[in-house]
Amino acid sequence: MAQASTTLGLMFILTKLTVVSTMYLLFIQEDKNMKHRVLRLVAVGVAAVLTTFGVAVGNAVAKDKMVIAVPTFLTGGGAPAFGVPARNGTELIIQAINKGQVPAPYNTKGIAGAQVEAIIYDESGGGAKQVTEYRNKVQKLGVDMFAGFVSSGTCAAITPVAEELKTLTVYATCGTPRVFEELDKNPKYVFRTMSHATADGVALAHYVASKYPSANGYTGINQNYAWGQDSWRDFDLAMKVLAPNIKGSDKGQWPKIFAGRYGAEISALLKSPEDLVHTSFWGGDLEAFIFQGLARGLFKKKTFLMSVAGTAAYRLGKKLPAGIVLGSRGPYGIYANQLTDTPMVKWFNNAYVNRYGTQPTQPSYQYAQAILGAKFAYEKAAAANSGKWPSTDQVIAALEGATFQGVATEVRMARSNGHQGVTDHAWGVASFDKELGLPVVSEVMHFKGDCIMPPDGMDSVTWLKGGMKGAKCD
Amino acid sequence: MVQLLLGWFDLQLIFTILTDGLIYGSYLFIVAVGMTVIFGVQRVLNVTHGSFYAFGAYLAAYLGGIWYEHELPDFGGFVIIFLAAIVVGVFFGILIERGLLKHLYGKDEHIVVLATFAAFLALEGIGLFIWGTDPYFFYQPQMMLGFVEILGMTYDYYNLSLIVLALIISLSIWYFLSRTIWGRLLQAVIFDREVSQAMGVNVTAVFLGTFILGTTLGALSGAAIAPTISVLPGIGVEVVVLAFAVVVIGGMGSIPGALIGSVLVGVVRAAAIHEFPQAEMFVIYAIMAIVLVFRPEGLFAPPAVRKI
Amino acid sequence: MTTILEVNGLEKRFGGVVAAQNIGVTVSAGETIGIIGANGAGKTTFVNMVTGHLPPSAGTVKFLGTNIVGLPPRRITELGLCRSFQVPQVFLSESVFDNVLMAYGIAEESGFSMLRPLRNKERDARVRKHLASYQIAEHEETAASALSQGIRKLLDIAMATVRKPQLLMLDEPTSGISVEEKFDLMDIIMAALREEQTTVMFIEHDMEIVQRHVARVLAFSQGEIICDAPTAKAMVDPKVVEFVLGQEYHVGIRSDA
Amino acid sequence: MSADKTIIGVTIAVVLLACANFFIADWIRQIGLLSMAIGSVALGLLVLWRTGLISFGHALFYGFSAYGVALLNYLGVRDAFVLVIVSAAASGLLAWGLGFLVRRYRAIFFALLTMAFSMILYGVLAKTERFGSTDGLNVHPPTFLGYAPVDQAAQITLFLFGLLVIYGLILGVQIYLRSVLGQMTTAVRENEIRVEYLGYSVEHVIHIKYVISGLLAGFGGAIMALAVGQVDPESMAYWTASGEFVFVAILAGTGNVAAPFIGAVAFEVIRHFAWEHGANLWQLIMGGTLLAIIMFVPDGIWSVLQRLVGKKDGVK
């Protein structure tokens, strides 16, 4: 594979050289002899055609091993919180799959017999750049499928392109419900193996309604971009349905993403009358906000609902403010590490800690889950195809509407024509356990997927605004 | 109308807005002053400033991490802040000035900006190599100082001390420029480089000295802010834009301009956060655009006279 | 004789400093007028105000019957009042030919016709003819930055005259030129202008040149016109002798930068 | 004057590329499309640069037009010609409006004012939920005068369309640069006073340049929106995008109207391989390349090509 790509790269350079040299010949060279010019032109033309044909022919990829492209943040602000744990989780699970070390039901070597190569690449740079990279991975490297994507923005950008290029793409982490509700109502090639972000807000609202029924209100501080805006909207709408007596503030704070300095925002929050503060901060912004808030006693005065604090819990350690309501975007990370007792989680946690010296967080679980989804689908399709390597259509058929075991939870592909996963969710209160030397969660409530996700065919915002009809909560 | 005005007159709110504004303004000034100094003397709009900020923060957080890991005395963090600033400032000051800018003096302003932009990109890459992607924490100095309650609002001493740091920096620069021989020489060079050179001022040394000063201030800003943030890749990018804005608003190269511009932005921003949180994102660019439209030389730069 | 320029009560103050006041002058077509005065007497300020470079503090300037105070230089130029500069204002990196070609392009096209190609055979021919009449055709290919001061001055004036102005104001055409070259230079300029029958006003320090080329003199001192008379009469005017000639003559015929 | 060598050269190159379009691999075609988009913006910068003005905020027009395509799409407009022309025209209009302000400024003030405006657009786009906030908007594959190709044919057609557009742009700019108005470029850079006293408004010259430049950036943004199928504030309107355009302009040099496109290809190729062979390295590679160009080939690739054949004088 690597060799093929190098060859292709060389051919590519040759092609471009011919174009450039053509320009050079035409614009620069002052050769009075017209015949020479024409001859040279023909030569360049032939070379161009040959090299480009060579590229076109070289595109075939051998099938004895499969290639999964795994996009995640390797640079920029998203790397520490999401990219690095996601990459670690991916590397771990893929190596284990290739060696057959994953616990049952995934204890066969490889995926449907093929060894897996993961091309882990950088997701930063914005939607347009990512679409370009996606096309490259498909058209140049001929990858079999994609598993990954952290950012909602990237997923929104990739969805139509994945359909256009007819490439199996399994979203691992990105949260926006827009993917199947708006952008791609009739998906074929695109899947998502975890609940979307609406589930976070709804589950949190359930948690608040039952644990803080007498709170006098809630305000928020969210980054002023799509993720922050959506997170607040979903939580706010769900609260209006589930706890109408707890009033939301219309003076929530909207700092710019990566602002890093929150002095005035903290003053405004300290001044605000509401007891509860919702935030979907993550990564460096979250950590900076916590340090600055701690220095001013903010977390003693307010109860914080932090939907993505799971990404920072272990790193903050004893600086994790005690008593915050902490989310992990599902039963991943700290919830799995501490509370889930299955052989799968035990194995994953052990292997991860041994290899990287730190606890796995939610992106590690979510990425591994997406790849297990792929293994499940390929093997199911291969079995139906009498053991032969399945076509993409067969893999899609196998995954649509299926239920498979992820690392930390069962995933039911039960929404959006069987393309959107539904999983359980968990919320609890964080504190630091001095004896363990680790942050822990208590007061944990679990929520069933059908209770916190809109029913099939229903748009999230409509569902929330309509009073969340059809939610199945036991 | 009167009622509206009275409604606005909320002492605690006004106090909070002013304090928040001063703190943020001091932060902006500390972050921008190095860029302002370099621009004032060398007419180089230095994008690598963002890298110095980042490297200052990284080195301080790295050393601080080791320091506190060994449970050494808490105050050591403050020594580390200044130490890191000087190490980074001197090293990168010499590297960039001698290695890059020296070859570009006299070229088009744009080209120099681009060259520093290029160096900035390269340094970002080098930073990733040295420090990796994981964040560094250096919160101890911020935590150890504790907080105070004024008019029912808590403020922590560390962030309040940024106001003092901003004052110290601006007073020192003022003293240096107006009361020392070196400062006079510097002003001569700013006024007319050729004539100063002809009169025997060692312009090369002045430029190098200024650049090291600017770099050190840049690194100091990073080191001083490090205890309040999570030090991770990309923190320099944000700072470049902020510092640009301050330099533009204050008047290219004017230190008092930068100080007053910073506080202006800080207070307007704080007012927005308290009253119109949605507007926070635009405040600084809006002020920058307004200043550029009505006073393109900045608030404090003397308007240039064009000779025929 | 038709009046082409009528200046009344022109005044310029910079803060408290009076740079020019009570300036009134009437110019008829075909005249050649010399403007004399010591340095700082207000000569250039006068030219700058008339040509729109400096807004006057008070007063009117009527050119061909229109009040041109407040008009931008380009409008004044379009109306047919052109000028040259003490320090030649040319496009330094361009050749002499291209400098004058640009002048022709701007003079000859307007509005959407500005999108026509700058170069065409007819225009090239006009440029060459113009260069020839200022005797700088041999420098056609030379970049303006490489020209001697005298040739550069000629180029500056040549560019100012492509519109065949009704009135041309020259700001010290001979300053910075060596004594040997000065007279030839002035002869070239005046010959070219005579051919076009251009009305000229020029600032000059050298009284020999003034006497040689000029029929009427405006003498400036401390921002005011102290004498407006035919040349021979002006040269013996006591105020002129005291404030202008007295200072000028004893410094001799030095080149005045 | 003999037939324009540049136009002949560009014509032949465009025809060759149009033929090659049917044989090349998809990802090469994609790089070609991106190069056309970035090249158009860089061409817009070239128009300003020749007057000594650099915009650090051309992402304003690029992003404005890209979002124009996405929003028109939303209203049901699918035709590539309508999308590109209307969006680019809207960018031109925006440039016309802002031109009244920016035309008064030069040098670094001009650069910074343009940057401030582009950052305000970024703020608005990132904030407005109707425009998808930071997620941005998708752009559907376009139709071409009723022809609605799918799959590979869609890209091939788009490539041809893009070639047609940039061919038109190059011809237009070439005619402009040879005109009286266009030739005032150097004149304005060197001596504004003289231009005024020759009878033309310097601000007018700069304003027109700014509009043309904004229009070209608008075409670039529109092509990019169609080629990528996605618009978002970070890629389209952040100051780093503007920085990349200036990068391409420097890389290319201002010697010829074709140079920005050659520069854009070089840029896209460098970025392509930098990204592919080390995510952690790409900033270092880009920064290093840019530094090397500024230090060693300040006049860009075009000057290298000229030097290779020992042709010293610049193409006017």
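Note that the chains take the letters A, B, C and D in the order they are written out, and that residue 1 is the start of every chain.
In the analysis below, contacts are C-beta pairs under 8 Å (C-beta built on N, C-alpha and C of every residue); 3 or more make two chains touch, one makes a residue touch a chain.
Nothing here was measured: the structure is a model prediction, and the numbers come from that model.
Novice: Which chain has its C-alpha centroid at the greatest distance from the C-alpha centroid of chain D?
Specialist: For chain D, the chain whose C-alpha mean is farthest off is C.
Novice: Per the contact rule at the top, check every chain pair and give me the one with the most C-beta pairs in contact.
Specialist: Of all chain pairs, the one joined by the most C-beta contacts is A-D.
Novice: So the centre of each chain is just the mean of its C-alpha atoms; given that, what is the distance between chain A and chain C in Å?
Specialist: Measuring from centre to centre gives 73 Å for this pair.
Novice: Would you kindly tell me how far, in whole Å, the mean C-alpha position of chain D lies from that of chain B?
Specialist: Roughly 33 Å, centre to centre.
Novice: Roughly how far is chain A from chain B, centre to centre by C-alpha average, rounded to an integer in Å?
Specialist: The mean C-alpha positions of chain A and chain B differ by 36 Å.
Novice: For chain A, which residues are shared contacts with two or more other chains?
Specialist: Counting only residues that touch two or more other chains, chain A contributes 74-75, 224.
Novice: Of all residues in chain C, which are in touch with two or more distinct other chains?
Specialist: Chain C, residues with two or more chain partners: 53, 85, 89.
Novice: Two-or-more-chain contact residues of chain B, please, as numbers and ranges.
Specialist: Only 128, 237, 278, 281, 308 qualify.
Novice: Considering only the defined contacts, which chain C positions touch chain D in the complex?
Specialist: On the chain C side, the touching residues are 51, 53, 72-74, 77-78, 82-83, 85, 89-94, 102-103, 105-107, 109, 113-120, 159-160, 162-163.
Novice: Contact residues on chain B for chain D in the complex?
Specialist: Per the touch definition, chain B meets chain D at residues 45, 100, 103-104, 107-111, 113-115, 117-126, 128-129, 237, 241, 244-245, 248, 252, 278, 281-282, 285-286, 288-289, 292-293, 296-297, 308.
Novice: Quick check on the complex: what are the chain D residues that touch chain A?
Specialist: 5-6, 8-9, 12-13, 16-17, 20, 23-28, 30, 34, 126-127, 129, 132-136, 138, 140-141, 151, 154, 224, 228-236, 238, 256, 258, 262, 265, 269, 272-273, 275-276, 279-280, 282-283, 305-306, 308-309, 311
Novice: Would you tell me which residues of chain A are touching chain D in their complex?
Specialist: 5, 8-9, 12-13, 15-16, 19-20, 22-24, 26-30, 41, 45, 48-49, 52-53, 55-56, 59, 74-75, 121-122, 125-129, 131-133, 135-136, 139-140, 152-153, 156-157, 159-161, 164, 176, 178, 183, 224-227, 229, 257
Novice: Help me check something: in the complex, which residues belonging to chain B touch chain A?
Specialist: Residues of chain B touching chain A: 12-13, 16-17, 19-21, 23-24, 27, 128, 133-135, 137, 139, 142-143, 145, 147, 153-156, 158-159, 225, 227-230, 232-235, 237-238, 269-270, 273-274, 277-278, 280-281.
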